[in-house]
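Labels run A, B, C and D following the written order; every chain starts at residue 1.
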Amino acid sequence: MVHAGNFRQNVPRASLGAIVDADFDLAKSAGRELEIDHCFSSLEEALERASFDAVCIASPTFTHRDLVTAAAREGKHILCEKPMAITLEEADEMIESAHTAQVSLQMGFMRRFDPVFSAAKEHIDGGEIGSPMIVRSLTRGPGLPPRWACDMRTSNGMLAEVNSHDFDTIRWLAGSEYERIHAEANTLKCFDLKEEFPDFYDNAVVTLRMKKGSLGIIDGSCPVGYGYDARAEVLGDEGVMFIGDLEHTAVITCTKSTGLVASNFPGWRERFREAYIAEARHFVECIIDEKAPAVTGEDGRRALEGVLAANRSIRTGKPVNLPLEGD
Amino acid sequence: MVHAGNFRQNVPRASLGAIVDADFDLAKSAGRELEIDHCFSSLEEALERASFDAVCIASPTFTHRDLVTAAAREGKHILCEKPMAITLEEADEMIESAHTAQVSLQMGFMRRFDPVFSAAKEHIDGGEIGSPMIVRSLTRGPGLPPRWACDMRTSNGMLAEVNSHDFDTIRWLAGSEYERIHAEANTLKCFDLKEEFPDFYDNAVVTLRMKKGSLGIIDGSCPVGYGYDARAEVLGDEGVMFIGDLEHTAVITCTKSTGLVASNFPGWRERFREAYIAEARHFVECIIDEKAPAVTGEDGRRALEGVLAANRSIRTGKPVNLPLEGD
Amino acid sequence: MVHAGNFRQNVPRASLGAIVDADFDLAKSAGRELEIDHCFSSLEEALERASFDAVCIASPTFTHRDLVTAAAREGKHILCEKPMAITLEEADEMIESAHTAQVSLQMGFMRRFDPVFSAAKEHIDGGEIGSPMIVRSLTRGPGLPPRWACDMRTSNGMLAEVNSHDFDTIRWLAGSEYERIHAEANTLKCFDLKEEFPDFYDNAVVTLRMKKGSLGIIDGSCPVGYGYDARAEVLGDEGVMFIGDLEHTAVITCTKSTGLVASNFPGWRERFREAYIAEARHFVECIIDEKAPAVTGEDGRRALEGVLAANRSIRTGKPVNLPLEGD
Amino acid sequence: MVHAGNFRQNVPRASLGAIVDADFDLAKSAGRELEIDHCFSSLEEALERASFDAVCIASPTFTHRDLVTAAAREGKHILCEKPMAITLEEADEMIESAHTAQVSLQMGFMRRFDPVFSAAKEHIDGGEIGSPMIVRSLTRGPGLPPRWACDMRTSNGMLAEVNSHDFDTIRWLAGSEYERIHAEANTLKCFDLKEEFPDFYDNAVVTLRMKKGSLGIIDGSCPVGYGYDARAEVLGDEGVMFIGDLEHTAVITCTKSTGLVASNFPGWRERFREAYIAEARHFVECIIDEKAPAVTGEDGRRALEGVLAANRSIRTGKPVNLPLEGD
């Protein structure tokens, strides 16, 4: 719905053609809200019966491969939410299908379009802090994940669902690929989910060694009670950079009983509102202007490979070298 | 252009009908950029030859009275930029004309729609800091004002052109009307403008005593080299609140030669981008839903009265009681 | 006790000789705590019976003249708390007595020794923000003043007791003397004190016009519930400077129910702990090294004159020109 | 000299008895500055010829074992700088010698006495953010380490010399002991030191798994150009806490060419000035009041064990379980 609303209200060069949700009632209710008549319960049906140039896929991870390849076969351009897929084989198939059909395949790493993160990237590329030596990226979210995201078989777990962005951010800001990854994880809040899904974890720390020599740190935790938190810190050989903070609105109050108080971001919708709009506009502009998107299927595949390596490190207790061979 | 662009891109319930600028070439160039064919060099012409429901007036202050009354006569709803007018008589005439025509007259105090200021207002109304005792509001802008804004006869000077917002903010946040106003002003940068316009000043400090007893402080300065600055601070009998800050983007760098560095707002476009969009949406929603706007001609008149009192205090060196009688 | 403790613990070149308090039991209890045997209930007695080179006077304002002149007559160097005196005549007498006796008379404007304020002064003098155009200084304190400080006859009220520092700070940072002062004041919390002391006020806003053309703003409020607050802001013709903030300790927590929270300064002891130590060290060093102190009786007299002008403006409703003639 | 100066100026219950430095000229010059006559080039000599109750040891790590055991044999109380020793065997010997002699052995983890860190610890113990899940602690320093600190045989390298504090902080804030440690390190600045000392590294990231289940992150880098940086971040199951920041003095300036600028801490002397004083006072009070110090030899040994495990992980490329068996 975030994407659909943005395409409708904030992307003047695009119009919304159809809504698809496996739950047809949900599709219809979204359609009413967005004033769209064409509502379907499957992408196949939409591809057959409605007319449009591009699709935006925001369904559970385990459905991405089939949806992307189906859309590509029909010549539709694709904006696919992260994480890209469950396995590298799926990711390869998706990239191949888009390539064959000559359609755009853009991955939903919207942080690259966030005013804060993109300003930071510009500063780094401009040499303000020298060469990155240590890049830290973290994501913590307030909401309990849906059940399919707790099951490693349908989701690759928290590092995939929540921290995919951090894997992408570290590659992007460090300007280098993963060489070796180590991870520690533990369940410190959702003990009942751990019982049901033995591989489940709700806290993780990942160390990355990048090919060019820099080091990366990811820390993830979900759910966290205090709100949504996505920040990065880059130590370069000439300075340090802090990217993002927790403050939501620049209103600070101070009373005797509270001390100094500011509001923090309640969720990702508030934190990345502008980023999602910019991402959607970029998607449409790239299609119209026939340009390659700034975040590609290859980027999605790389982040997936990082997640898979970290999960393997958690399972085996050992660092994992990349590229992966047989997971 | 800020308004026109917003109505076109960010207000789905409205569409842009015509562009008017006394400089017809400018009107046409804006029309090309905004993909509008109907371009005129006078509102009269537009009223005659184009079809629309509402106008947005962003011309110099001394033109507001004629444009507003002309639009009202033709039954157009009106969003009028601040400051409202040059004299209270003009303001009264504008209010009366809108009342007679039963059209909406909304004043462009966009801070009331800014996420930061409106969150602050909610906190205050929710009692978080108790009753306001001292309200400080300031505006400092980077740009040299246009010549007509340096001439008191066509503009009422900096307190009108730059600090109108502060006069409105203090009334709004204090929840009270002006009782007495004192101002000191001086020219500390633009000595050549002072020579040309003897009443010119580029720095001012205004003290306000409000009817309910609270005190207000306005400080204005224009041009200031460092960027755009609009903040408020409210001291209540149970706490204090800071509204807005200078930080533009949440990226902080630190190097040996610079220390900790963040970017500040370069101008009002960046600081109040969201406020202008919300203001435009509110204007259109009020028209469609037949509601009174949140900021009315009466608010514009009050702020104007405050400005006139402050200018009189600067001239006479004495505090001025309100309401004004004969300026 | 703040001063006594600092001289004992933090000024290696000085030792504490005697304690004087009109309440002899208090003097003795302080003596026990500070391990000082010589305790007296009057300065006269101390001057007669104990041996020391200098005195630190922190008694109520209306006692300063007699204590300072008595100490000076005995050749003692003097650190005198602000505000200096009740009248300009008293101040003149104090300055004259120190001059005649050739003793040091240092005024207790400890902000000049605060690491934050003194760093700011250095930056300004270094030209970082150009020439000061508007200087704002504020002080708000948490505690209800003692009864003698509510009575204008024994104290000159809040602007003297609380905001003397701001009068000094504005002169110091603007590098200029007062030319004209206007003030508005009101009672918005302590309505019972207002009944007992008709001239009482607990909120005030002062506008200052300085001889070199810059403008000043003082805002004072006491008591304020939220803690102690002393900040300044200097707008120069090339930039702006913020001096001091509310954050007491660099620990920030964030939970769902609280948002982002930091602790603020509970009182002046915490805010200016280092400043008081530096002030005491400066006092002792100036005596030993026979240098003039950085803050003199003349500075105390100027601030007093500012306070008197502001109080006269409150009484008369008119701006007051300086220097004062007959109050 | 930091310790010596503090004991002399800021610890009223102690006095400085003698100065020892292997470089006798340095000892004498320090003695002149601190007004101490008793200067020696070895602790043995000082123990023989001067009279004192306690020693403060701030010499290179590889000398700690001999100095501590010698002082203990003579019944002197000991404040020993971190890191404690080169090997666990040395640490055990030091603990044993102090135990046998019944003298106090306090380790120089001064962060525990820092107002910021100790306020944070109180908040955590008070339950403000729930149980710690992830604790991050980092230290980055501006100065090139002395040569002996670049040699793993005489120092255990950067993780010992710079990041010992972080190992202690994580144990302290997490309230738990190390269970498993993994580290990645690299040389990204001092390529010439790497050539000379093959085990040298100037950047490291350490992941810790604590016995109670929480995770820890240490990141270290030295030298960094931008100044001194020591911060921590604790994610609890009910909130998050940020401990410390980079801002040195609460003065912020903004000009067009610089943006918003604040000063950062140039070095540890400025950042932990108060912590060192509080540490010295605690040491003396514990001796006089016959209490155990808050940071003991056992704490020093634990941090050393963490450092040794991290170094072993760097060498072997594998996580290391604790307690260590044979390094």
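In this text, a contact is a pair of C-beta atoms (placed from the backbone, for glycine too) under 8 Å apart; a residue touches a chain by one contact, two chains touch by 3 or more.
The model shown is predicted, which means the values in this text are computed figures rather than measured ones.
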Winner on C-beta contact pairs when A-D is weighed against B-D: A-D
Chain A and chain D: spacing of chain centres that average the CA atoms, whole Å: 39
Whole-Å gap between the CA centroids of chain B and chain D: 56
Residues of chain A touching at least two other chains: 225-226, 238-240, 246-247, 254-256, 258, 263
Contact graph of the chains (line, ring, star, complete, other): complete
Complex contact set, residues of chain A against chain C: 142, 225-227, 246-247, 254-256, 258-264
Chain D-touching residues of chain C, taken from the complex the two chains share: 8-10, 12, 115-116, 119-120, 123, 128-129, 238-245, 247, 249-256, 258, 263
Sites on chain A touched by chain D in the complex: 130-131, 133-134, 136, 140, 180, 182-184, 186, 188-189, 203-205, 207, 209, 213-217, 219, 221, 224-226, 229, 235, 237-240, 246, 317-319
